[in-house]
Every structure is written in structure tokens, then in C-alpha cells.
Amino acid sequence: MPTQIPNSRVMPRFAGLVTFGRYPRVADVSPADRPLDWVFYGVPFDGGVTYRPGARFGPRAIREESQYLKPYSMAHRVNVCEQLSLADAGDAPVSPYSAPETARSVAEYATDLPDPATARLLALGGDHSVAYANIRATWERRGRPPDGLALIHFDSHLDTVDSVWGEKWGHASVFIRAIEDGLVDPGRMISIGVKGPLNSAADTDFARRHGVTMVTRDELENSGPATIRAFVDGLGGAPAYVTFDVDVVDPAFAPGTGTPSVGGISSADALTLVRSLRGLNVAGADVVEVLPDRDHAGITALLAAHVAFEIVCLSCP
Amino acid sequence: MPTQIPNSRVMPRFAGLVTFGRYPRVADVSPADRPLDWVFYGVPFDGGVTYRPGARFGPRAIREESQYLKPYSMAHRVNVCEQLSLADAGDAPVSPYSAPETARSVAEYATDLPDPATARLLALGGDHSVAYANIRATWERRGRPPDGLALIHFDSHLDTVDSVWGEKWGHASVFIRAIEDGLVDPGRMISIGVKGPLNSAADTDFARRHGVTMVTRDELENSGPATIRAFVDGLGGAPAYVTFDVDVVDPAFAPGTGTPSVGGISSADALTLVRSLRGLNVAGADVVEVLPDRDHAGITALLAAHVAFEIVCLSCP
Amino acid sequence: MPTQIPNSRVMPRFAGLVTFGRYPRVADVSPADRPLDWVFYGVPFDGGVTYRPGARFGPRAIREESQYLKPYSMAHRVNVCEQLSLADAGDAPVSPYSAPETARSVAEYATDLPDPATARLLALGGDHSVAYANIRATWERRGRPPDGLALIHFDSHLDTVDSVWGEKWGHASVFIRAIEDGLVDPGRMISIGVKGPLNSAADTDFARRHGVTMVTRDELENSGPATIRAFVDGLGGAPAYVTFDVDVVDPAFAPGTGTPSVGGISSADALTLVRSLRGLNVAGADVVEVLPDRDHAGITALLAAHVAFEIVCLSCP
Amino acid sequence: MPTQIPNSRVMPRFAGLVTFGRYPRVADVSPADRPLDWVFYGVPFDGGVTYRPGARFGPRAIREESQYLKPYSMAHRVNVCEQLSLADAGDAPVSPYSAPETARSVAEYATDLPDPATARLLALGGDHSVAYANIRATWERRGRPPDGLALIHFDSHLDTVDSVWGEKWGHASVFIRAIEDGLVDPGRMISIGVKGPLNSAADTDFARRHGVTMVTRDELENSGPATIRAFVDGLGGAPAYVTFDVDVVDPAFAPGTGTPSVGGISSADALTLVRSLRGLNVAGADVVEVLPDRDHAGITALLAAHVAFEIVCLSCP
Amino acid sequence: MPTQIPNSRVMPRFAGLVTFGRYPRVADVSPADRPLDWVFYGVPFDGGVTYRPGARFGPRAIREESQYLKPYSMAHRVNVCEQLSLADAGDAPVSPYSAPETARSVAEYATDLPDPATARLLALGGDHSVAYANIRATWERRGRPPDGLALIHFDSHLDTVDSVWGEKWGHASVFIRAIEDGLVDPGRMISIGVKGPLNSAADTDFARRHGVTMVTRDELENSGPATIRAFVDGLGGAPAYVTFDVDVVDPAFAPGTGTPSVGGISSADALTLVRSLRGLNVAGADVVEVLPDRDHAGITALLAAHVAFEIVCLSCP
Amino acid sequence: MPTQIPNSRVMPRFAGLVTFGRYPRVADVSPADRPLDWVFYGVPFDGGVTYRPGARFGPRAIREESQYLKPYSMAHRVNVCEQLSLADAGDAPVSPYSAPETARSVAEYATDLPDPATARLLALGGDHSVAYANIRATWERRGRPPDGLALIHFDSHLDTVDSVWGEKWGHASVFIRAIEDGLVDPGRMISIGVKGPLNSAADTDFARRHGVTMVTRDELENSGPATIRAFVDGLGGAPAYVTFDVDVVDPAFAPGTGTPSVGGISSADALTLVRSLRGLNVAGADVVEVLPDRDHAGITALLAAHVAFEIVCLSCP
């Protein structure tokens, strides 16, 4: 039986100890509701940022705003509470002063989360550097596929800078590390929403050289959706990881983020794009870069919670 | 002669005791400017909310931001100050602890506002539960049309939940009550901008069963405008009430609201939709769910004031 | 063995699912750590307010800021984690639309919380109307002392208005109800920090007539501390309940509250006053009226968490 | 009969068109309630500032927060609603681009406000430059006393700079102008709360040379209160004007102001100081320099409203 | 050699004394990097506003957010740091109390900025009244072209009111003054994004009478882009000045502005429109009306910085 | 001749590129104004925090608010601009991902700042870990006194935790490192304002064992000032370093900080305490832990700027 959430007409959404989406803690799930389909967990780490820190408080903010999530998707005509067992594992262990050490401990923690055969992992960031750990854990739990995972990457930035200030594990380098380590197949990676200005023309070199498909923010108005559709179809059901950096969305919709990028897509565009992945074999996911101290009215965290919901919906049968 | 507003090149918009749009108080309108075409009034009540309260301060915030309203509509090429007598009646009496008692006292107060033969009522919320009272007063002043009023409903939510926490008069139930009491004809009701996620698939049952026309947020990108146009044309001039919940607009444009819904339309879309009702026989209206404490820079209240202006413009000859 | 909190040098304070002070959930306390000395629980209810609502989000905000609580009191030279078993029970069931129904359900819930022989109850508000329920539960768990409980009341307001807008269970009436029902002995009640302006001279009549000791905000600069000391000494160890409304503190220190009162004491004064109760036989307590939407930088919730900590310290042997 | 305010247990404080303290508009006062004892009016002008503008929105913000004023003073044991007829005249005409022109038009407007024989004027700023006009109007209505008025001046700054950027009518020059024009007697002027740092040692020259009594912020901790008492006693009942710049209070208590001064007194200190003027023959007053855009949670405007109330209380028989 | 910016992988973007875009101060540019192609300077003046002031702090806010600018434009495939010498001259001298005096001193200052033969001027506002001075300086440096400059004007308002409150140099009158003085050729002026409501139908008279091309906000959805393209092509390389008022963008994207206009375009639209000017012979520019006190998360200032960048890109060979 | 600041009656305080207190950049100081007495510089680093990050933006915020500093101290009757040559060196080089590496590079940079024989260093944080580097540089420039420097430490915390999360260079460990390395003499170190709650009773062990004088926050109300006076007198003119963590002040006065501590002193208390050091031989100083994203109305940064001013005043002859 799928895990259930409290009836909001008995226990109001503003009541109760907070877990993501009001789903049970993993430790509280009864055996009857096992195995799990998704495990949510937070990674309160922002030691990988290159500009404004504060995303270490992102998991709490996303959980807080997620209290207003509802389970029935009009777009997919599916009620996740009727289909999926979902639970919140709490937060992964982090080393606030060390990105590589955090990557190691989070990956280890996430790999060992329950029900590896069925439970996909959804990490709540934290800065984008935390994606490496969740990708690695997903890859481990999938039996270390030799070709790596496919990757659907929503972001204003490519995050393929080799290192910044001598650190190879920061949030701008995360996909270089994942590709180097064989966790992600760059030939089956798509970066959606990329836009300038960039530091230099060379910023896109790594992606181009390794065959990453790039859908710029401008292309989203034209050929982008078709490119994405073709990309998903071309995966042929291969397991794919979805990573969503909220800065792909314009600062008006996501003010609470550390490296905001002017001229982004809208929240509605973002939800539509995620829904357009329908058919994807989602193996794991993350939603990252929510910075609560800049997030007036909590709209960025609320968006992040809904993006996570949309990703989960993709896995409904 | 229509009522006039102070010349802002003499009395700046940031000066003077505040009334909606700087229109005179009803008590101050000279006989020469009577009868009135619209009466604005506030309903400082949020005892019907299911999530975040605070809309009791909405009328004040909308009036404050409405100081920047100007009277000439470029879209309709009409100056409301040359066409219509408008006035602000102040706030209706409310019972902060009781939604049904408030519904009763507001309806009674609004029914008795002056110039019933000519003056349409525009209520400034407050939570959406206040719409019932203004609809009832409009219906009374129109001579209790046996078929009820047509209803144009802008909202992310259907607001047709029978009751919440044992209360049948909350903001999620307002249209069930209005339909049950014959004030609204569900066959001539259209809900525009509805979107998920919902609590369950059954959430739309009432609307579907009673023949409410539903234009989802996604349909607004495609068939929606045509559906709305056809709906308005189909009314054949029957009196119609317009109810506008600011949460139909995305949280980026309307952060100051109690149950924000991610992925909404833009402010520009909202204004365009209201303008597209041109030809409607507007019998009354409300703009609701403005929550000032979350409304950075007052942008939600400013939007609400402009939506009210656009609705008023619809009634220009 | 007392319950423990995570080591913040392993699990940072910004990590983990949130409970008050990072203490375990009641359900997670091992038998070895029982019986409990205090149970914290939230009452997410603001249906009793007479002005600005929003305190229903108070329990979450207090818990969030309480992550930065530490267990060793320099003032009392005591480490609560070495002395007391503490746990968080989550939130009580509320009826958002009904203050009397909420009073009933919360009282029932709290009465039944575990370890009644040892565990004092500390309620996190919510508006001040929630105090009634926690006082009742405390009184029940103490075996219904016929004389009622003594009451130490920190507040800018007396909260002894018989009813407002026809409601006898609102936040301005809470102590009239508690006295009427024999839960509180007005002869052993002290209201600390009361100040004007008041609605009328008659506002203090009830308190004076029933022998409530009143220490006005101005008296706190002079005779107040001695009065309080004498009052506590005069109780002779009788069980006393402490109720702390954050609006006793000046809006500079507690901006996040619904009926702020200019000219209040400072946070430092508040902590000193609570500490000055040393020797009191604390039977239960609440900290109420935290309104997060007005609480820039979370300073009101942080204060509330520390006041709760100081009250708990009073019960250390 | 004194003017009355709505019963807040019928018409909640968050309801109704806004006037200062919920007192009637001057135009609405019935003859039976005349003559008036005080007239409140706003001066939405900030064209005299030397640093951060925005106080033109001060009158609205003060009125908004003044809805929570209550009429009974515990300190003075007096209910202003039983003693005084009070009303709000709205806002004075201003010339946003010209401080001298505004001084002229405001003075003219204020001089002509009703009931000059009895009604004192309380101006709500606006920047401190507006004090000149209200002082002049008060002086005119008092029959142009040849010695000028006594002046009680609360401020962190002396506001006796001759001119700034070529303008002699800005907020830093207001008392030089009033003294030059014979409206204020510098020998009977006291500046309370003055503190550094200053632009130069010469900044206090004008005040010293003209015999202004200066009570520095540091002296308030010691000899200040006695100096003030002696000053008031020394006036022997001569008419005195009270001008209160909210920046005399520390930025923690009054963040919403344009030239905040670190290390100020508290709100409680400010109220106590105003109350200590008991016995003063108050001829008029102003409360100025409230800047709403910086005023989180409205605490500065709330303070300003209470200061105005305390000043009014001084005039109770 | 073009001027360079610090390497952000050595000197982080959050480090260092602030200049626009991290470009050198004019005084620090080495002769080898001369002549300059653009000089940025601020005009901290808001004495011309008709509603909400505060834009005097705009230059600082734009510079602060501009630290996150990067030099490579994906849209134009050009790195401005490889093509252009850019520098920040600091702020122009202003007279805070006088718009005409400020216009004079700023024009004089800007005219004398270095390298008039090559260096275009980009003024950071400040309210829109500052545009006059920069247009005049640009016209002077271009040798006083007898036909005046062409003007590309992004704004929700036409800014062609003759005078307000007796002042002919305020922000609503700036283009009337520029046209009257022959600095701008109205026949080669285009106002993009204009929208209502207006004060009256006559508000557009001046523009229509003088042959200004007007592209309303609604036309931008349809014929607008083609009209703009035709306009630019029609200029035949004549020097054109670009003036960008951030209120052309919706308040969701630009909350920090003094006269926000509901229903505006998005940030993405704005960037696209500026880029669509490709081929324009840009002679100078300004970005104005950023009001930091209302600008949560700095998103308006960040947008302004990027608009400035896009304008500069237009001048790349 | 001392360095001068712009005349604010010519160049308004809101104009010009920002440097601390409007003092010249070090590079711009003319030889005639050398040697310098103080050099200000920023350390935009927060990689040493244990809770909330963001202080990397502290130097910019302090500089911004410091524009309102004035040079004449009423308390000391001294004009720093007549006595001292002051300049801003910009920001030190930091390694955002490494506290020890930052400590090294900042110390090296600061040691090499000009005029070591005369110029004291005042570092603007940044988190408290940056104090180590400035203390080291001060010690180096003083010729490495074998006994180390005396230390006056204002803070709610002792910052003598050996390491956190395996890092010995974080903000909680800064004085252990300075003492271990012989830079600070613990026998001549005083920690002022320390308060609980603490993690454990052992938190004060290091300080007690090494003879650090501790003046708790409670002692400041009584014996503290005398203790401080005696401490300063006891130094006999030995060079002393002043380190000021803004969290020594209550969150009402300093909301913008990462580890706020409830019940702190006021801003006025803080200024008085610094002034009470009169006679100290100040060798260097820092003001740290300003976190702008939580700092409504900039009051924390404004306080920090004034504390820096007060420290500088101590060095006036």
C-alpha cells in the first residue's frame, strides 16, 4: 500500500512536525507500505558556492513550503499517493568545511538508504555540488551501469568549470566530476536553459567537446522543446537522472538563489518542461540552490517543492 | 456628472486620506454626481482561510496601492472619470470569528448600499469567502433573478469543497454555497486558470457535475481564450458577476496571497483576460485574497487595484 | 538517563528534521530515557486573535530557531541535558475555525501526553488563547488541585476581557475562562509587564476585583522585581504555571507578534525576569504569540525558544 | 461632548477607512463635539532631506499603525476620549519639489484649520523641515506671541545647519529658520537626545551661541531628566511646542527613518521622557521622519503614533 | 588593449571595492588601454520623481549587483573585454534639491568626461530626469548634430508631460525638454512598452503631434518587434541614444522602482528587445529608476546591470 | 596633513564610489598625507562559520552604511579628520573554500600594507576567523613582540573551541590559534559580553585555564565596567588589539549576524564600552560577523561602522 499523508481537512497543512510533502519519515513507514518508490533527503551544504552562500538552509525551506503540496496531478491525471510509496529520510551527513568530504559522506549515506531495488533518491539542496553525491548513489544502487546514467540538466549554467579557487568539487564543477568518474554519459546528457553572459567563449568548450546536448534559454522559445522530446525518445528507456537548479528560472520566480541569472524562463515554463519528460525512466533526481534568506514569501522554495513533485509524477506507471 | 478624483498635479498621489482609487467616500458624493455607477467597499475578513491568514488587511493594502491608479484606459480608449460615478463606502461590518455571521452581515450591509438601481458593488477582500456576500447583495439588488447570476471566476482553485474542518462557509466552499442558494447558475459559470496539484481527482467532481465550464491554466495557452469568448457571447447580455482571486496569477506576480499556486499566469495575462470580457454585462465583482504581510513592494495589492480598474472599465458604455 | 541532542560538531545545527531544541520526538524516546520531565508541543492556532493573525505558523518558527539552543545555562550553572529528559510531541489537533473547539481538543490531547506523573507540558503558540488548554491539561495531570494553579503571567496585556465580538474563548479572554473554571487561583496570579494605553480604565477591573497581582511595565524599573520575588516566595512551593506572551517585550526585540506594544522591556530584561523565578515549582508553561511573517531575521522566534529554555531550567533540581 | 472612536469590539481595528487613531475626519465632526482640542494632519513631504528620502509616505504609515492606539493612559490615568475632542484633517498641500514653497503652503493651510482658539495642531511628517510650518501656524493661532514659542525638541541632531546644498529650508535647518523668524525663543528651547558623531565641533555653535539648552544622549543617563524637569518648570506655563524626530530613538526601535543614529534611547525611554513633560502647556506638536520603506513590521510608525498619543495626553486637564 | 576585469577565479566577485561591472575607475586606466569606448557613471538624484523617491541610491545598487556581470555574450558571440575599453567614472555632481541645477551640472560633468571622440556615456540613474543631462552631453560630444540624436526609449510611460507641480525638469518631462532643446529628433524617436492607464487621453498628444513612434506594450506581442526593426533600419546608422526605464518591465521583475506599472514585459523580453537593436549606432545610453529600498533580493538592480551590458554589446564591432 | 573626506554639503553622502567612511583609497593618498595612521581593509570571507553564512558580503555592507559616518566625536571632543590620516585598502585576497589558506593570505597581505611604523590595521569582516590574520599582521608590524599582544574581545561567545568538524581555523577557534601561536597573551586578554547558553560547562575551560579575564553579559550590569577599567589600566600602555563581534549586541540591534545571541547589550552600551577603553594603546582592530542578508534597514552594518569609528577615536592623541 502506498504511504499516505495526513488528511489536511483533519490535520491542517500548517500543523505537525515538518517532513517533505508531509510524507512519513523513512523510520516510520510500516512494512506494509514498503518497498519505497522514492526517498527524499536533504543535503544542507553550501560549501561549494562561488558567490552567495546560504543554501545550507535550503532543505528546511523546501520542506516548509512543501507542506502545501497536494498529491493529484491534473496534467498527468495521477494521484501519487495512490501509486507510490514515498518517505523522507531526513538530512545526509555533511562536512560544512569540505566539499569533497561532503561528496563522499553523502554518497555513502545515500547509497545505503533503504529499498535500493525500488527507491529512487531525490536530494534537496544545498548547492549544486551535492548533485554529484546523489548521482553516484543512484549509479551505485542501479548496479554501477558501465555507461553511466543519462542526465537531464536544468540550469542557467553548464557547471562544467574544471576548478575554482583550486577546488575541484565546487558547484561549478559538478558535472565534470560526474563525467570523469563515469557516472554520467556526456553523450546522453542534455543541459536545458543555459544562458549568458559567460566568463568567456571557452566556457562551453567542455560540453561541446564531450557531446553534451545544449538547449539554450533562447532555443527554448523555438526548437528547444522538440530537441528535448527527441533526446528523451532517443534514450530508449535508459535510466536517467534529473538535476534541477532553480536558477534556470528567472529571478522574479526564484529570487532565493545564489547565482541568479536574468532573463530566465518562468515557473510555468519550468513545470511544463519537466512534464514534457513524460516517458523518461527516472532513476533519481535533485532540486538545488534554494537560498532562503533572499526568498521573499518563500516562492523559490515553493517552486522547488513543486518541481520535485513533478519529477516524482514522471515515475508513475 | 461623474465623480472626480483629485488632480495629481495639485494633490500628489502620496497625499490625502486614503480611499480606493482616490474616489470620494460615498458620504461625500454630491447629489449632482449621483446616482453612482459603482460602489467599492472592503471586507476585512480572513476567517475563512484554510492556510495562511492575513487577508483581513487586504482592503487597506489595495486602497493604499490604488492611489497610483489613473483613469484612462488605453486598451478601451475610455476615461472612467468621464463616464462613471464611483465612490468608496468604506468597510463592511465583519465578525472576525465567524464566516457565516460575516457572510450575513456583509450581505445585508452591501444590499443596502446606495443607488441599487445603478450602482454595481465591487468588494475588496479579504479571503474568497467574502465573495458569497457580495454575490448575494448583487443578486438582491438585481431583483433576485430566479436563474441566479452568471459567474466569471478567475482562480487557481475551484473553491467547490463542501466543507473544511466542519465549516461550510470557508474560502474553499464559497461557490458551492452560492450555487446551492440559487445566487449563481453553475451552467453559466466559468472558472478560469484552475490548476493542480489537487487533493484528489474528485476535487473537480462538483464543477463537472453541475456543468461549470472549466478553463485550466494549461488551456489558457491554447483553446482557453476562445472558450472564454464563446462563453461571454453565449451569455447574451445576462448579468454576470466577476470574481478575481489573485492566486490565479503566479506567485512571482502575486506573492502576497495565502494559498499561492506555482505556475500561474502573468499579470499581463490577467489584465488581457479581463479585457477580453469586453461586452459582458457586469453586475458586480470582487478582488480577493491579497495578504499584505507577504507582499514585498506591494506588487500584489497594486495588481489587485488594477484588476478592479479593468473590471470597472468593462462597464463603460 | 536524560534524553540527548545530536552533537552539533557532528550533525550541524542546520541539518536534520526539525524538533524543538533538537530533542527527540516523544515517539522516539527510548524506555531507558523515560519518564520524561518535559514534553514540548505546538498549538498552531490563531483563531482567537483580535488584531493581526499568523501565529498559527508560530510553532514551526520557534522550532526552526530553536535549533540554535544550547543546553548549558551559565546563569544557573546547569546543563539541562544532564538533568532532564525532554521530548517534542509534535502539534496538537486544532479546529482553525473555532477557539472553543480547539481549546477542548488541545486540552484533551495534552492531558493524554505521556508520563503525566513527571512530564510538565510546554506549549508553543499560537495565540494566547491556547494557554487555556495547556493550563487545563496541566491541572488535570496534577490531579485537579481544588484551589487551581498559581499563575505567572508575562504580557503587555491582562487578557481578562470577558468576550470580544461575541466570542468568550479568544486570546483576550483566556484568563477569565481559566479563573472561572477553577484552573487558576486569581489570588495567586501575577501579571508582569502590563502597560497601556488601554481601551478604558475599566480594563483592569477584573484583575483588581479578583486579587490578581499586577506589576506594570513601569514598576519593573522600581519595585517590580521585589514584588515578583515576594510573590514567588509566598507560593510556598505550590505548583505554578508560567505563561509568556512575547508582546511583553518591546517590538524592537519581538517584531513578530500580532498586538505589539510600544515601550516594552528588552530581551535581556525578559530572560532576567524568568531567571528570577528560581525556586518556583513550575508545573507547566507556554510561550505564545509569535507571528513569523512580521519577524525579520527570526529574532522573535529565537527569543521565544530561549524563554522556553529558561523556563525549563527553572525545573532543574 | 468629546469626539469618539469606533468601538473596536464592534468595528475591528483592522476595518474602516483610515484616519489617525480612528478619530473622525474634521469634516465629519458634529457641532456638538466642537470645538476641537487637537487637529491631526499629515505633511507628506520629504524634499528637505539630506540623506535617504521616503518620509513623504510617513503620514500614511503612521495613520495605518495608529489604528491600534487605545485611548486610556495608565501613566496619566486619563482617557483622552473622555476629555478631548480630536479629529483628523487629512493632509496639507505640498510642493514636492520645493521646501520653501511647501513651508509656505502648509503654514497657511494649518493656520486656517478650524477652532484656532482651542485646537492644537499635531503634524505627522514628513521630514523634519515640516516642523517650521506647523510651528508658524501654531504661533499664528496663538496670536503671534512676540517672544515666540518655547520648544521641546527630541532629536539625535540639532537641525541648526544654516543651509545645505544652497537650500535654507531643508530638514537640517529648520530651527535656525524658526528662530530667525521669531517663532521660537532659543532661550526657551531644549534639544534632547543630541549625539555624535558630528560633522565638526562647530555643529553645536549656533545652539550654544543662542542659549539653546542641550541634553545630550549621554546626559540622559544622568543629569538629563533633572535638566528637563527644571526646564519645564522654568517655563511657568508659557506655551510650548513639542517636536519629535523619531531618530532620537535607536535604529533598533526606529529602523524606518532617513538619518538613523546609532546608540539612541529606547522606545520606553522616549515614552517616559514625553510623559515627564507633565505640566507643560502644550501649544502644538509634530512627529516626523518616519520612512516606511525601511520600517520592517511597522514598528517605527507604531512608535510615532504612540508618541503622538503621549503628547496629546499632556494636554488633558 | 581593452581594459580588463579581475579574474573572478582569483579575486571573487564578492571581493574588492565596487565599480560598475568590476571595470577600472577611469582614473586608474593605463594609457595603454586608452582611448575608452564607454564610460559608466552614476547620477544619484531622485529629485525629479512624482511618486516614490529613493532612486538616488540606484547607482550604488546597480554597481553592487553588477559584480556578477560576465563579459561574454552568448547572443552576440562577443566578449566585451576583448573588444572594448570600459571604465567607471564614479558619480556626477548633483544638487539634491534642484532638478534643473542637477541637469546643468551633470551635463557639464559628463561632457567633460575623457575621450570624447570614442567614449560613449552610460549613465546609471537616478530617476529618469537624469537622462536629459546624459543626452545633452552625448550630443555635445558628438559635435552638436543639428538634427539631434535618434532616441530609443524603453518605458511604461511617455515622460512627455510639460510640467508637474510647476517644475519643468522632473522625470515626467524629460523628453519634452530634450526635444525642445534640439537634442532629440522626435521624428526619429521610438517609445517602446508604453501602457496605460493614463491620466487622460491627452497624455499621448505631444508624442503623436511630434511624430514619435509609439510601440505600446500590447503591440509588443504582435507588430511591435517588426516596427522596432524597421525603425532601426530606417535610422541608416545615425547616432542613437538608448534610454531604459526599468519600469517598462513588470513589477514582478522590477519591484524596485518608483512608479511601477502592472502588466509589463518580462526581463527576458527586455533583453531580447535590446538585443534586437543589433546594428544600431549607439551613441550613449542610460538605465534609470532603480529604487533599492523596494528591491527585494536585488533583482531590479541585477536586471539594470544586465541591460547596461546588453547595450554595451550593441557597440561591439 | 590628515587625509580628508568629501564635503557632504558638496558631494552628498549618497554619491560617489564607496570606500570606508568616504576616506580615500590607499592608492589615492597623496604623499603629503602620509604616513597613514589607520588602514581599513575588508576580508570577504565566511568559510569559517558554524551556523549561518553570508558574512562574506559584510565588508561591502559596512562600507555602504559607513557613508553616513561623521568625523567629530562628541564623547571624546575630537575630530578624527583633524588628527589622523585614514585610508581604505580595499579587500584582502581570500580563498573562499579554505579557512587556513585564507588566514595565511590575509595575514601576508595585511602585513605588507603601507606605513607599518604608523598605520594600524582595521579589518572589516567577514566571519570572526579573519581576526587571526589581522592579529598576526599587527603583531608582525609591531616587530613580533615576544609576549604577544593584549586583546580586548567583545563577543557573546568565547571562540575558544579547539576545532569544529575537523577544522582548526574556523570562527569558533580563532583565539585558541592566536594564543597557541604566541600572537596573543591570554593573561592580558579580556572577553567582554560572554553569555550562555553554552554547549557544556567545559566551554569556558580553556579561557579559565589560560587566565583570560571574562566579563559576562550579566556582570556588565554590575562589576563589569570596573573590571574593564582595571584591565585597561593594568596594561600599562602595552599594545592592545580590539576585536568586536557584532553578536555581542542583542539581535534587536544586530539582526544581521550568523550566530545571534538573545539578551545581549544595546548599541548604546556597546559604544559606551568601547569609549570606556580610553587610554588604551590600540595596535589594531577588527569588526566582524556582519551578515547583510538578515540585516533589515542595514542597522547592523551601520552599528559596525560606528564601532570602527569609536575604535579609531581611541587612538587620537
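All chains are identified by letter, namely A, B, C, D, E and F, in their written order; residue positions are counted from 1 within each chain.
As a convention for this text, a contact is a pair of C-beta atoms (placed from the backbone, for glycine too) under 8 Å apart; a residue touches a chain by one contact, two chains touch by 3 or more.
Because the structure is predicted, anything quoted here is derived from the model rather than measured.
Traced through touching neighbours, the fewest hops from chain D to chain F number 1. The minimal number of chain-to-chain contact steps leading from chain C to chain E is 2.
Here B-E and E-F were compared by C-beta pairs in contact; the pair with more is B-E.
Centroid to centroid, with C-alpha atoms defining each point, chain D and chain E lie 41 Å apart. Inter-chain spacing, taken between the CA centroids of chain A and chain D, is 56 Å.
Along chain B, residues 10, 12, 14, 50, 52, 56-57, 96, 165, 250, 252-253, 266, 294, 296 each make contact with two or more other chains.
Every residue of chain D that touches chain F in the complex is listed here, in rising order: 50-52, 164-165, 194-201, 203, 216-218, 250-253, 255-256, 259-260, 262-266, 294-296. Every residue of chain D that touches chain C in the complex is listed here, in rising order: 8-10, 12-14, 68-75, 77, 79, 250, 252-253, 266-268, 270-272, 296-297, 299, 302-303, 306, 309.
Contact residues of chain E toward chain D in the complex are 46-50, 52-54, 56-57, 95-99, 165-167, 170, 293-294.
Residue ranges on chain E touching chain F, taken from their complex, read 10-12, 14-19, 25, 42, 44, 56-57, 60, 63-64, 88, 90-91, 93-94, 96.
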